[in-house]
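Common to both upcoming complexes is chain A, partnered first by chain B, then by chain C.
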Partner chain A sequence: MATNALFQNGAPQSQPNWREALPTLFALGYVAIVYFLLHSIDRSMLLFPLWSSILFPMFVISPFIILGLKIDGRLKVLLIAIIGLVLMPILGLEDTFYLELITQIAIFAAMAIGLNVVVGFAGLLDLGYVAFFAVGAYLWGVFTSNANTIVQISGAQAAPELFWLFLFLGVIAAAITGILLGLPVLRLRGDYLAIVTLGFGEIIRILVSNLSNISSNRRTPINITNGAQGLPGIVGPPLPDFLVEGVANLTAALGIPATNVRALTYQLFYYVLVLGVCAIAALVAARLDNSPIGRAWTAIREDEVAAQAMGIPKVRMKLLAFAMGASFAGAMGVIFAAKNTFVSPESFSFIQSIFILAIVIVGGMGSIRGVILGAVIVTLLNLQVLKNFSLLINSLKNIDWVIPIINFPIRDWPQQLEPARYERFVFGLLLIIMMIFRPSGVLPAKRRQLELQAAMGKEEIPEAEIIADVETIKPEDLLGNQPKEQS
Partner chain B sequence: MTAVPNIASSTQRSPLEALGNWLLQYILRPVLQILLFVFIAGGSISLLALVVGFVLQTDWHGIDILRVPARINLFEQVVRQLPNMLLDGITIGFVYAVIALGYTMVYGVLKFINFAHSEIFMVGGVVGYEVMIRLRAADMLSSLSPLVVIVLMIGVAMVICGTLATVVERVAYKPLRGAPRLVPLISAIGVSFFLTDFVRGFQALNRNVFNMPYPTDQVTFFNERIVLAQGVSTTNTTLIIIVSAIVMLVGLNYFVNATKIGKGIRAVSQDQATASLMGINVNLMITITFMVGGALGGAAGVLYGLKTTNVTPYIGFIPGLKAFTAAVLGGIGNITGAMLGGLLLGMLEAFFSALLPYFPALGLGYSDIFAFAVLILVLLFRPTGLLGKKVDEKV
Partner chain C sequence: MALLEAKGVLKRFGGLTAVQKVDYLIEPRTINAIIGPNGAGKTTFFNLMTGIYVPDEGTITFDGKNITGLKPNKINNAGIARTFQNIRLFGAMTVIENCLVGMHRRLHISLPQTILRLPSFAVQERTAQQRVEALLDFVGLRDKANEVAKNLPYGDQRRLEIARALASEPKLLLLDEPTAGMNPQESVAAMQLFRAVRDEFGITVLLIEHDMRVVMGISEYITVLDYGQKIAEGSPEEVRRNPRVIEAYLGRGSAASHV
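Showing the complex of A and B:
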């Protein structure tokens, strides 16, 4: 009865309603199918690496698909929240590798959003961005590590409870570093600035790997960063017991065998934390972009001299961009140190800066949504797809598989060419290809795309418009006032 | 009326006189200029070293990190090490100068920092290794004249790296001509990363090696020591590096200043649009610039390999940055400046490598910072470099 009534009432409008509901159904179907498939594969399968590196990226990009579909705004938010806060954690509890991956993605996404403020909004190429990340990481690391540093000896260690304060301090410290770097170098032109920031990043790395003794007496060394060995035993914030119990209950309810519930809780905690920071970063960046500050950055990026002539305080705006960008990296640095429990200078090398730059380039300079998608693509490529290809090749070698058609026995695939070890090759190629074919990124910011097209002379003015322009010019216009004088 | 006999006399110059003029202008003058630069760079760094040694020998002025252990007399150490320091500085300085030329030439014509040049340099080092290994496999390394070995190594590296640089320009930079400056720079970073791993993969497949030690011990000539003065001696390798670098610098000077192509390159670097109106093939000139710069980078790679006797696919980055710093120091876009900058930077590096170990609070780990510090300081206080001209920003 009820269904009948519903049908009769809804019948006249059912056709358009049905059409409007299609994207929603598609989104739901997509997420459900991908999630179900991802659930059903397990590590014992031969082709697990292949399936996992196809299905997991498909799952992670589902929020972007939802954002691109014609769905009611509130429904979009709801769906994405369900994916991010319900489906992903459950999947992560079952296989913590996925949780680790998504946390890494969020860390890099937040940093890329920060770099995007510098590169995408203000147009300042920063090749030493990882230095600010290092500032945050070492700030928390030095004060809580159990290494034999001056902090440890003098007993000035920070209590784990101070994590939240240090998160804030990390933001401040990185922002100040950004201003200190920016003050002298911002007069420089774009490409010089890039090289100087690169040099600055290297200076920070060399400093942290050498500040293991600053005393002139070798018998009483003053150790600050523990040098190249890095800082082990960094702690995270204490978690309230009810959280651990909650996770224990959850795993029990889902029937997941959990051996170390506390570690699992920490993983889940960091996931939620970085997701939150990432969301705040995205929000702040989006608000900035649409604010007078953001417009000033756009103006500086497009024409510095003209912007100055319009009264925009160039140096102050550039410094603000540097400080804003740096502060995101500083916050992520603190979280990274706590999450990894270990930091060493190797985590802050030049390739890391390029990695974050690649995220911004691939995603689309200036586009926040694009940059997050870029973080998904580049991080998954680096941490999952390349590694899984190595695993796949190894497991195929074990069963002595022969590639059909070209008749190539996989056993002959040389050991030296493990895909996981060639990330520079892949990123280098990625950067070149992006620059040549799509310099504005996968999800470009409209304005940036126009700028690039205009600069490269690809701006296409429709022919009709040109003709119209020509037609509106009358012979009288060209002759000036002469006809009038004649008459 | 008086002008006529002058022209007549100049056209009727004897061939010997013409040869003399040519020698004077294209060989003697650049050589003297290079020697002058060596003198300036060496002199200023010696002075710096002596002053630092003198000032810090007993008193550290309350700065603890500058304190030297009491048993060491820093001034005596500086005086004792000075000749070797200078020799070391000249050798590495010439290598930097040759690399810096590649950066500066490309910057001159395209106003673009060729970030991948450091990797072209690295490929040169690897090619030098390959040539030596192949010669050794053919049992020719010890039987051939050492001069032939050197010429072969440098020649092959120049050909391969020149070609490589041309290909890179064609594939990764040419489609981006006219784009905002950052676009080709990012592409160049991509090329640099790509080449690093490409060479690593290639050598892993080819020989299953990562470290590529030059078999210089197989050629006795390389290791023969020459005594320059009492207590100061060096190997023939050092001399080979210095002489080949000077030959290349003089050759480049001739190429740029005396040939028609060189004239074309100079014209393009001054004003691309006008040069093309004058009938100069701008694209060809750019390609030739990349080829010459790449060839020099490759040769520098071989020289660097001879000096350090070990190359890896990752050696390009730091020397590349130092050479870029050298180019900026001398005034980027300025060929003479790159030579001076390279020598100065090499001397500075030798200075820091010689002095840093005496400070317990510092140590050699910091020796790479100086290049970046110099870069930042130059850009802050004299962005046009030592020999560069001031260019106003165009609106």
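Showing the complex of A and C:
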């Protein structure tokens, strides 16, 4: 258990407690300095992309530094809440790109937590995970977009207020889809399972690309998903006016010029919502992990035959893993559709499934804080760092900079070598490096240590019950009166 | 009434009949052994009793209930627990967790209980943990409770497998070569453990064993299989004198039965 270094040692002791508080002070200082620098770097600066892509990741990982401190759990939660709900939104209001980035990170983190239940806990390799994300996104899209005929014919357009209901329905629908996928693949393991789930992901994507004209009657086409063009005009939940006013007052108070306060409010709202769902997902996954259900999953992952022989209902547990894992993606799908106001099959391609799986592998299979950190690393690399390096090279080209010593004019840097074009190459490299140096992830999963009821040797154990004491038992004790063995 | 009764149990693998019409009875609170040369069908018979294989013919009744063809977890729920010839622990899990998995059928948990962490959940987890600790005391693994199973030395792994099987509070414990690879002293300790399982928990024990010292030392009733057929049964004395047994072990049978 974490002991509270700041307060517990307040008792009169010769030991100075500032020594134990030192790491905490360092961590707080780190957060303050990084945050201050992030604030003060100027957008118009030549090296802004470089600084931004160094400082922002440093800021985003600060909750993990706090998690690693040896301080009271409640204090950790408080500090992380301050970072997530005060510092980050203020930064995001000043520069909405950061808000967008952190929202994307949280979306992928929640999905990675879900996939981690399936792959990390239960050991079922799922290469079509994005299908559940699509189920959630299309569930909300189909009922709110005007582009398909379902709404036009039946007039069953969902009111924006129903967003919260659909968030719940998205969870249910994805869980059911998860069970539907789980049923036929129960007997499969390893590579075979991976291939079938990959196919399943593609089935869902192809299904939504083709559910645009499924009627034989030409005059009344039934268009559910609007095919490859996607569903535009998806709405989000209505926001109460006081929220918008609150954000307007906040930006005024902070001296931030805000042109479209409503849009800004929505961005902030989705950030908080996604962060909340992510926190719930992490909590649910942690509780499942540390329960008979989680232990049953791990047992199935370790040895399916032995697990069954120990009374674990394999079928039920595997289906539960698929359903639980899928449900997080379903919720995120609904939010994703509302936030982007548009869904198309393109968003649910195979590479997305791989992207989420890469997050789980980089972060650490089975480790919840690991996969969240994985989401930070992989998403930032994808959306910020590589793009910023491209930006940096372009701006250096504009000022005709020449790399000193080797005398290389940056103007001659070929277009083909733009870092942003090499994201998959960098991912591949990252995965290879991970497999060589940290195969169990950045933050590997640890088995929970249980505290024993009585300390060793304290409890009175009758002599006769100590069976393990091999040294004191002589073979003659047992075999003395036994007939001689048969050879 | 017999605790377990197998009637005409038969299992084929392609052209090979691994278990041929075996009738088998286990009386409650006894220590039984199945012996036989390699490839005699002993482990196959175990796998038939625990649901890993489904018999092609015959029925198995346990505790008055027909368990033929049930899934392994259902058979465990009915009260048969087992260990494996090649140790099959959950390597990445700790000693305590391995036993808690064994206790699965004793835990009644729903998803909402788990996610909302209702008080009943905490109570149940605590009781389960206490029971596991008592079990670890019994097999002598308490001081290794938080170690990861795959890091345990061999003898401890065997003991943990037994603790894990006992965690489900079975009526019948099947041990597949439990003392394989043990030195004589460890074997003796293991024999004491098996006796204690029967004497203290009232659990019926059935073991497959090659070490005759162990078999003759603790079994009250021995059954001999050869080529999937039951060739002898009875007390250790009777079995030892049985000419068919001697032939199976020393005569023509033993030379041909290498797999």
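Assume the second predicted complex is superposed on the first by the 425 of 487 C-alpha atoms of A that agree within 3 Å, B and C clash if a C-alpha of one lies under 4 Å from a C-alpha of the other, contacts with A are read in each partner's own complex, and residues count from 1 in each chain.
Just so we're on the same page, contacts are C-beta pairs under 8 Å (C-beta built on N, C-alpha and C of every residue); 3 or more make two chains touch, one makes a residue touch a chain.
Values in this document were obtained by computation on a predicted structure and should not be read as measured data.
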Report for A:Ala174: first if it touches chain B alone, second if chain C alone, otherwise both or neither.
neither
Under the stated touch criterion, which partner chain does A:Met88 make contact with: chain B (first), chain C (second), both, or neither?
neither
Does chain B (first) or chain C (second) touch A:Leu452, or do both, or does neither?
both
Scan A:Val343 for contacts with chain B and chain C and give back first, second, both or neither.
neither
Could you tell me if A:Ala296 is touching chain B, chain C, both of them or neither one (first, second, both, neither)?
second
For A:Val371 in the superposed arrangement: first (chain B), second (chain C), both or neither?
neither
After superposition on the shared chain, which partner residues are touched by A:Leu55: those of chain B (first), chain C (second), both, or neither?
neither
Is A:Val305 in contact with chain B, with chain C, with both, or with neither (first, second, both, neither)?
both
Per the contact definition in the header, classify A:Ile203: touching chain B only (first), chain C only (second), both, or neither.
first
Taking the stated contact definition, name every residue in chain A that is touched by chain B in one complex and by chain C in the other, in rising order.
305-306, 452, 456
Where on chain A does chain B make contact in their complex?
119, 123, 125, 127, 184-185, 188-192, 194-196, 198-200, 202-203, 206-207, 209-210, 213-218, 305-306, 350-351, 354, 357, 361, 414, 416-417, 422-425, 427-432, 435-436, 439, 451-452, 455-457
In their complex, what parts of chain B are in touch with chain A?
60, 64-69, 112-113, 171-172, 175-176, 178-187, 189-198, 201, 204-205, 208, 317, 321, 324, 328, 359-363, 365-366, 368-369, 371-373, 375-376, 379-380, 383, 393, 395
Chain A contacts chain C in the complex at 284, 287-288, 291-293, 295-296, 298-299, 301-303, 305-314, 320, 447-450, 452-454, 456, 459, 461, 465-471, 473-475, 477-479, 482-483, 485-487
Would you mind writing out the residues of chain C in touch with chain A in their complex?
50-52, 71-73, 76-77, 81-82, 84, 88-94, 96-97, 100-102, 104-105, 107, 109, 111, 114-115, 117, 121, 125, 129-130, 133, 137-143, 145-146, 148, 159, 164-165, 168, 184-186, 188-189, 191-193, 196, 200, 212-213, 216-217, 236-237, 240
